[in-house]
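Multiple structures are listed underneath, in structure tokens.
Here come two complexes built around chain A, the first alongside chain B, the second alongside chain C.
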Partner chain A sequence: MNIRNVEKSTWIFIIIGLLLFIVPFIITGRSMQFIIIQIFIFAIFAMSYDILLGFTGIISFGHVMFFGIGAYSTAIVMDRMDATVLSFFVAILVAVVIASIVSFIVGALTLRLKSHFYAMLTLALAGLFLVAAEKWRSLTGGNDGFTFRLPEILRDSHHLYVLCLVSLVLLFFGLRRFTKSPFGRVLMAIRENEARTESLGYKVLHYKVIASVAAGVVASIAGVLYALSLRFVNTGVFATDLTIDVLLMTIIGGVGTLVGPILGAGLVELAHHWLSGLSDVHWIFERWIILYGTVYILVVIFFPLGIIGTLQSKFMNRSIKGLRNSRKTVGK
Partner chain B sequence: MNSLLELNQVEAHIQKFHILQGINFGVKKGGVTVLLGRNGAGKTTTLRTIMGLNQVSKGTIRFKDEKINDLPPHKIANLGIGYVPEDQGIFGELTVGENMRVAMKKEDEETTRRMEWVLELFPDLKKFWKKPGGALSGGQKQMLAIARAYVNKNELLLIDEPSKGLAPIIVDKVTESIEQMKENTTILLVEQNFMMASKIGNQFFIIDDGKTVHEGQMEELKNDKGLMKKYLGIS
Partner chain C sequence: MDLIIGLTVNGLATGMLIFLLAAGLTLIFGLMSVLNFAHGGLFIWGAYTGVWSFQMTGSFIVGIIIAIITGLLLGLVTERLIIRPVYGNHIQQILITLGFMLVLQEFIKVVFGPDQKAVFPPEILQGSFLVGDIVLIKYRLFIIAVGLLIFIVSSFILKRTRVGLIVRAGVMNKEMVQSLGINIKLVFMLVFMVGSGMAALSGILHAVYSGVIYAEMGLEFSILAFIVVVIGGMGSFSGSLFAAILVGLAQAFMAYYVPALSLAVNMLLMTVVLIFRPQGLFGKG
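Moving on to the complex of A and B:
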């Protein structure tokens, strides 16, 4: 790869990534570091949702099942094996394999359905995983969940921070490459019009299933990191609230942009933290979810394409106007 | 049988409506075959049914002697049939370049050569290469739709009303492009604009109330005022 051919935006992302590495040296408070780690994890989860919603036009209400699979795979493997780096890699492998198989089966069986039926069916399947996790107490610990030990190296919050940041950066560039590839172009065509894409010679179902597997695997990695960050897992990792949260992060940031969901994750997590922390100032902030809902409504009204989507659209419109004006001038 | 595409007693329904009630025609290799008829006669439905976007209820459609009426649209497209729908069918949120690339099934010497050729034919596409397809004017969208269908080595192009809603100067440009394309590809054209159709068409079929009612050479139709008035409302 010729370094001169690297896009300007790639350099910007690399610089932001590098700057984030020095954050733990500036922000030393453990709770703030923990919030930033959560932002990284939810950014990964939101990017995985963006592959479905933003790039392929698939609405899933059950995406949390892959997150939960990742979290439980990690917790169970780390609990049953010795807390070593090897068991950590085994946990990732187990999570990725199970998420791939489940997302493949779910996708192949349900993606033939019209979008709203697919959305409802995924909701039901995620509910099934939640019930299974509640009832299979010998394996999952039921509602109470269980704690597990981490390998020595991951017990340091700095190391965990670096692990989550590296995962985010690698997955971001990997997914960016994926969406800019010929395969990604077909996904975007499917998002716009399935019949049209089919009449260009593409078997739409194949592409949708592969997108669903990719999204499922990435979501499971977010689940792995989430379990590591808490050293605990319970059935909350299968809760539909998490799918709704990640849907909001993606929409607020901007669907189909990859950067948008990262920004959305940051805004939602920080809003969550600050708004709930304001309860000491006034009792109204105990109901922070109302304020959060208001902010969400305002964002949807004023930034229908999400923050990044709106900025991109404004920039694009200006550039198109410029092109048309230059054409008129040449015409004179 | 020496037709590239052959429709035999084709019938099709859209929901409960019996739209095609007996379409018969054959498209010979080379040149432009035009489907004519009044609004609502079933011309667009015929093209969509050939592409597999509507189910055939009765009859057969053969492409190069192979029955294609039970095949899904992607398989029909991969047999070498390109389709330019009535609404142009471009992807508005994809850039012009992405629209072109998504249509190229493989990027080899042949498709690259074809791409260069269409970009010379439609220089506006090069200019708006990195802009979204939705930002193009109606004429530019039509050019993109045609260019996209031509970029692959399709043996047959189905083009639905390429002049619809376009300014006369753009219609001339589109006509010129189809005339150049017909040198290399067989074209089945649905067109309401008789001036355009008669200029580029070689043979014609008239569809009325979902049935094929007349066929012949375009030159004959130009001189048959009675036929034109009866089926096309042109006096």
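Moving on to the complex of A and C:
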């Protein structure tokens, strides 16, 4: 690959990624580092959601099930095996395999239906996983959850930071490549006009299933990291609130941009942190979800493109127009 | 035998409660192709305001009336503020109604407090009848009666009156109805309000039935209603009654014989229906 062909934006992202490696030397407070780690993890989760919502135009209300699968497989594997790096890799493998099987089955069963059904069914399925995690106490420890030990190397907060950042950067570039590939273009075509894509001869269902498997696998990796960062897991990893959080991150940041969800994850996590800190000031801040929900509704009505999307359409008008012109010439 | 009858009555009562919730969902979907994820929010607002006024006045009838009024008003507000700006855009509709669901749920905690509340049925509906060896709990029979009454009245309105005719025609082809000079937006609003009122009624009845109310109840219970709408077929009114009773009975029997599987059995039912008849048992095309 010729280095000159690399886009300008790629260089910017690489530089930002490298700069982030220095951050833990500047911010040494453990709680702040922990928050940044959480932001990375939720950024991964939100990016995986963006593949569904932003690129393929599928709404899932049960995306949290893959996150939960990742978290629980890590916790259970680490708990049953020795706390070594090897068992960590086994945990990732187990998480990815289970998540891809589940997302394949769910996708193959329900993606042929209209968007409403998929949203409802995934909501119900995630509910089923939550109940299963509560009831299957011998495996999951029920509602209380359980703690587990980590291998020596991952106990250090700095190492964990690097691990999460590296995963985020790799997954970001991987997913970016994925969405810019011919395959990703077909996904966007499905988002824009499903019937037309079908009539052009693409098997829409296959593309959608593969997209949902990819999103499920990435979400499960976010779950793995989440469990690692807490060294604890309980049924909260299957809660619908998490799906809502991730929806909010994706939508506020900008759907279909991949960078947007990362930005959204940062904003939402920081806002969450500050608002729950404010609950000592006034009890209304304990109910910060009201504020969240209101912001979310307003964003959906007035800024459906999100922060990055709105900026892009404002400043990069030229490129969109250029695209239209090139389409016209092709048409001639 | 008495066990089976007891479980059947149980299942029918649960089924009727789910039906009241699902009927609104399915009509709103059929007419406006809006899937209202905030329906569970209307359900809990009905439950809380109903219970509150029931405990204040001591009259269950007042509680039910207040619940229905709350449902109608909230339905009006929801339709105007939340649904109307995003007509025709499915993705936005789904996203926005879920957001509103959250807001409704959290506002319950602000107004009524975040703790669970205990609810007792009114004296006249406490206790049970004894027919031979069979114990029939009064309140469950009451729910079944109310559910059937609502079903019969709404079917009558849908099938025999002019308003019902317009609604049914709107489900089939709303552009045509509009071009015939009927204000379809007004019809949308009315149907939405009636659906919300039914959800609120379901809420207050369920609150007394289960004996306890909490804010998350709405989302949990509306998942059952979604399952029912899928099984019965979106937009089918009698389909939702049939599917609700099916789900209610399946749940009641499973909860007794295999408690761990009581939610799974409904998911299983839905999966089977989706594989063999994706449009639902009573759905068209």
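Convention: the second predicted complex is superposed on the first by the 292 of 332 C-alpha atoms of A that agree within 3 Å, B and C clash if a C-alpha of one lies under 4 Å from a C-alpha of the other, contacts with A are read in each partner's own complex, and residues count from 1 in each chain.
Here is the rule we go by: a residue touches a chain if its C-beta (ideal position, glycine included) is under 8 Å from a C-beta of that chain, and two chains touch if they have at least 3 such contacts.
Keep in mind the model is a prediction, meaning the values are calculated, not measured.
Chemist: Give one of first, second, both or neither to describe whether A:L86 is in contact with chain B, with chain C, with both, or with none.
Modeler: A:L86 contacts neither chain B nor chain C.
Chemist: Of the partners chain B and chain C, which touch A:S199 in the superposed model: first, second, both, neither?
Modeler: After superposing on A, A:S199 lies in contact with chain B but is clear of chain C.
Chemist: Answer with first, second, both or neither: which of chain B and chain C does A:T294 touch in the superposed model?
Modeler: second
Chemist: Give the label of whichever partner, chain B or chain C, reaches more residues of chain A.
Modeler: C
Chemist: Output check: A:V186 vs chain B and chain C. Expected answer is one of first, second, both, neither. What do you get?
Modeler: First partner only.
Chemist: Would you check which partner chain A:V131 touches, where first means chain B only, second means chain C only, and both and neither mean what they say?
Modeler: The second partner, chain C, only.
Chemist: For A:F61, using the defined touch cut-off, is the partner it touches chain B, chain C, both, or neither? Pick first, second, both or neither.
Modeler: It touches chain C, and chain B stays clear.
Chemist: On the A-aligned overlay, A:L278 touches which partner chain: chain B = first, chain C = second, or both, or neither?
Modeler: So A:L278 meets neither chain B nor chain C here.
Chemist: Touch check for A:I12: first (chain B), second (chain C), both, or neither?
Modeler: Touch status of A:I12: no partner.
Chemist: Please name which positions on chain C make contact with chain A in the complex.
Modeler: 29, 35, 37, 82, 85-86, 90-92, 94-96, 98-100, 102-103, 105-107, 109-110, 219-220, 223, 226-227, 229-230, 234, 260, 263-264, 267, 270-271, 274-275, 278
Chemist: Applying the document's contact rule, which stretches of chain A touch chain B when the two form their complex?
Modeler: Spelled out, the residues of chain A in touch with chain B are 182, 185-186, 188-189, 191-193, 195-204, 256, 316-317, 319-320, 323, 327.
Chemist: Please name which positions on chain B make contact with chain A in the complex.
Modeler: The contact residues of chain B facing chain A are 51-53, 72-74, 76-78, 83, 85, 89, 91-94, 98, 101-103, 105, 127-128, 131-132, 135, 148.
Chemist: Please output the residues of chain A touching chain C within their complex, sorted ascending.
Modeler: 53, 57, 59, 61, 109-110, 112-113, 115-117, 119-121, 123-125, 127-128, 131, 135, 240, 244, 247, 251, 284, 287, 289-290, 292-294, 296-297, 300-301, 304
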